[in-house]
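Next come two complexes built around subunit A: one with subunit B, the other with subunit C.
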Partner chain A sequence: MTSKKPGKKNTAKNSLDLINIRWRKIKNKFIITNDFGYYLSLNQKEFNDLIYKNKVSEKLKEELISKGFIKTHMDFDDLFSRWKNSNSYLFWGPSLHILVTTLRCNHKCVYCQSQAVGISNDKTDMPTSIAKKSVDIAFYSTAPVLTFEFQGGEPLYNWETVSKAIKYIREKEKNSDKKINISIVSNFSVMDEKKAKFLMENEVSICTSLDGPEKLHNKNRIYTQANSYRETIKWLKYFNSMHDNQTNLSYRIFKPSALTTISCDSLKYHKEIIDEFVKNDLNTIFLRPLSPIGFAKKMWNKIGYDSKSFLKFYKDSLNYILSLNKKGIDIKEKTAIMLLNKILNAKDSGFVDLRCPCGAGIGQVAYNHNGDIYTCDEGRMVGWEGEDIFKIGTVKDSYKKIINSLTTRTCAITSNLENQFTCSRCAYRPYCGVCPVINYESQNDIWGNNLSSERCKIFMGIFDIIFELMEDPKNMEIFNSWVEDKKEITV
Partner chain B sequence: MSKTIEFIYDEKKYPLEVIRYVFYTLSDRFWVIINKTENKIKVSLEPITENSSDIKKIKKEIEEEFRHELIRQKIWNDNKDLREYLIQKAITYTPPAPKSSEDGLTPEEEKELEKLIKEVEEELSKEMNKEKKNDIKKTWEEKYGKK
Partner chain C sequence: MKYETFEDLYSYEALNIAKNIIKDGESVVITKLKNKNIINIDCENSEKIFKELMNEALNQQCRIDLSKKNFKVSQMIITKALISALGEEPKNKKRGRK
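Up next is the complex of A and B:
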């Protein structure tokens, strides 16, 4: 606050009453945010004037007021509804229910997290009775929307359980007022027309993995019995064509989607990977960094990379995607969509890893093939490695017991950003989240230390890249189009 | 570099909480030991690895961090109660339903109804005027009958 000079009116004194704000410097700009998720980008002078002199231009003052930064001028209806909207997940139980129907898989992906076993090992197939009990528990959730995700291994190897569980879910849906989404993550290697028809008729969304062009995809996703890339493309084309040509059907056929896992071999090929998606009529790409969990943790020296390398890749990729958008090509990046939804629309995109507290047990639940229940799929993987610390119960337990388990509560406490030393002060606090499982896997501590966390560096870097790109009105126009009236994305 | 670096602060000028936050930001590179004596706080930094940055650079980083943390702490303390109140209110917030009249009409419906009533009244008024004009021509007897 400036001292009052004799004979002059001190305009700075008490001219602003700031609420609690957080800030971060990105190059020559400061991003300031508040608890309601509003942000402003200030230059150095504006920031200094605001923070140290408590005096800003009338124009900036108006902006600060309109975004709830000044406590004497707050639009409570706007601020409270914005807060409630972005934290809507706090008001109901887990919405994402992952069923690991088998660990059998015919691929040996270099980064596999799921502890897959050989195709002859049917001991890891989930019996139908366990799948049904898992579904029963899920329906106890207070969430108005439930998403069932069938995973593996390769879930199609346990088709009997998968198909019966899907039928059971659709049956239960009839007597429930919940909205139900079902998805399956498959490498398509054992897909056939009969299975495809059943999945489409039951409105199951299809998700696969596509790591880029043939050479890169097959290097990451090793499949000795056939060509993984060609199988993937063949079925992507099939589902795309079925989606595009659906008419007069009593059910909806969803557009297929594909996940991309970035290995160290992928880092050189951002253009080629994105072009591959465009070529195959996929309009969304999800550039996911590797997680040091499971097999990937053991192979980290060969396939891993640091946050700096990933961020360079991500920045180049996003710039390339924006350049394609400017040419009229429809392609979006999913991480950016999720973060932009939070920043621009105060909307939770359903990405349970970036919540406060994180979704472990309260936003998602993973049901293992043997009936054990975990906070999340990552927690299940840690269990498979021999440390069952993220197990929250079994299918024999009640929903109440699972949700109230000590592990669920511990994860909620440790991932509450108010309890995290650096996060509580971070400008990205309203949009971000920590993962106790990754903290435990990478730092042997569920609290973690974000200063040395590669995950934190990656998300911090992605936020920086997005906020920097948002400075350009042309980019902003594209970003806005990505998040306008879009349906909720469930990951 | 394997030497321990020491800093001594006056607690009146630099509260313990601020010191803790400032030095936490170095905890990925240094073991930080904070000792409190009467009105003085001694901070010892011991590098975790050999190749930590030079003292000049670290001192500058600490100064910058203090500058931000002191102001952050002030804003935080000024708003602690208000923040708790606002979040509490936000948690229990229910968006106001669109205002409706006693008949259960929304403001838009009320406006539309008023417009219709006005139109009907205008029509009636026109009719009445016509009738009134005709009335003038009538005699007393025609209007009210004979006494």
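Up next is the complex of A and C:
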């Protein structure tokens, strides 16, 4: 046996035995994160002391210990609980079930991903029997909460199937211990009072698209038969008013929500878009970048943009939203809420694209009108283009066969960030995720190469913007208010 | 044009994946020998294609090496996700042992 020199032993005792940390420099600050989703923002001196000298102030040492950065002082109960919270999706099956009830649509949006067809083409209507079989499969999921999302095309064109499927879901719910959410994504062009009443009575949450002021909205969302913007606003007001005035009802009426897709025409109008949401009493805006999938991929030269342009838009938008919040106006941004929930509360936001592994097949399932089942709606769109590589079965298959399909397993493996060489060491690894479908569509490879991925640049940039804004205590106060006691957001 | 690469630098797997990703990859034929891989590119701009192939092969090789390094944690995450979705408990080989 060899004995250690006393001096040497003391040094070892005082040094910090750091776990594997990931870091990123944002302006003059260093963000360090660990696998448990804890983060710390250090200045240059603190970072140098930690990494090179392995010695920090007592205050910082305490913080490093409390957040699980020091191997010798780990509170495993707390750390595991935090890890489990932020990765709760690993403990159950698909919770989001998308039913594409028809591809018929009367809009011809410039960025449409859903491969819509003309309104006379009822061959793409989902028969009720397929919708019921899809619902049956969804109820086999091990998830305690199921969200059914009716999509299209314009789903209201196949009202018979939509209404029957909703009734069927509510019937099945009675004999199940699962919590059920139902939502419908509609452009409202064929909405009427009868349909609206049915949806409200069955507690269906309503989501539409609002791309901004009238001129911009109508430019993006082409509708030759009427004014798309006016139809949207008319029904938004209707559902808002029904929500605000509900009293003594046996059912809950949800506040309607709207999605915004950012085309290259939208980039100049961040203030106008946000003001439009405020004006229409919508307190959450979801600033979604375009995905190069489907029709948008073909039109990319006309409507697309690079990550730099989107990030400038996003930063300006978030700063404007924060300035409105400081004036007491209630408006939030959904991407920021989802990321802040992960960063501040270690809470999975339900956004299946930002998971490790991604939700393809294990977090969400998309049921096509003809009974084919895909990993996700984006996977379905790739299938429509002729490459059925993200198909995981049909409604004739059993739930287990679908989950156990080679495609589901392949997507899980390829979207595991531990297998991605840029992601595995990225500071945002605990909060982020990759999308095999977007990788395949943009890089011809389901693994993808994040060094050149525009999607990666966009999320990396959004994280940078949020962490930078979090440095200001006033912003932090607003961010905290956005994620306090909020219900899970499912998109 | 004929090129040679060493298996311990760029594996046959990495080269083949790269071949399927790059544009004009159909003109590439890869043959595995003992410690080497022979790459035959039959077209006019073979040098350009070879460079693209090796660039992509480097990406794939890095990923393959990382997958081996992170094999345990990676498998744990995927197994947990898939088994939870299936609703089955993992079979414990040591069940019954004290």
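Heads up, the rule we're going with is that the second predicted complex is superposed on the first by the 477 of 491 C-alpha atoms of A that agree within 3 Å, B and C clash if a C-alpha of one lies under 4 Å from a C-alpha of the other, contacts with A are read in each partner's own complex, and residues count from 1 in each chain.
Please note the rule applied: a residue touches a chain if its C-beta (ideal position, glycine included) is under 8 Å from a C-beta of that chain, and two chains touch if they have at least 3 such contacts.
What you are looking at is a predicted structure, and each value in this text was computed from that prediction instead of being measured.
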Greater residue coverage of subunit A in the superposed arrangement, subunit B or subunit C: C
Which of subunit B and subunit C A:L18 touches, first, second, both or neither: first
Touching partner for A:G371 - first (subunit B), second (subunit C), both, neither: neither
Which of subunit B and subunit C A:N449 touches, first, second, both or neither: both
Which of subunit B and subunit C A:R409 touches, first, second, both or neither: second
Subunit B versus subunit C as contact partner of A:Y52, first or second or both or neither: first
Partner chain(s) touched by A:K71 [first = subunit B, second = subunit C, both, neither]: first
Touched partner set for A:S81, first subunit B, second subunit C, both or neither: first
Contacts of A:F421 with subunit B and subunit C, given as first, second, both or neither: both
Subunit A residues contacted in one complex by subunit B, in the other by subunit C: 90, 421, 449, 451
Of all residues in subunit A, those that touch subunit C in their complex: 89-94, 141-142, 356-357, 361-362, 400, 403-404, 408-409, 412-413, 416, 418-421, 424, 443-445, 447, 449, 451
Residue numbers on subunit C that touch subunit A, as the complex places them: 17, 21, 59-60, 62-63, 66-67, 70, 73-74, 77-78, 80-82, 84-87
Touching residues on subunit B, where the partner in the complex is subunit A: 21, 24-25, 27-28, 71-72, 75-76, 78-79, 82-83, 86-87, 89-91, 93, 95-96
Subunit A to subunit B touching residues, read off their complex: 18-21, 35-36, 51-52, 71, 76-77, 79-81, 83-84, 87, 90, 421-422, 425, 449, 451-452
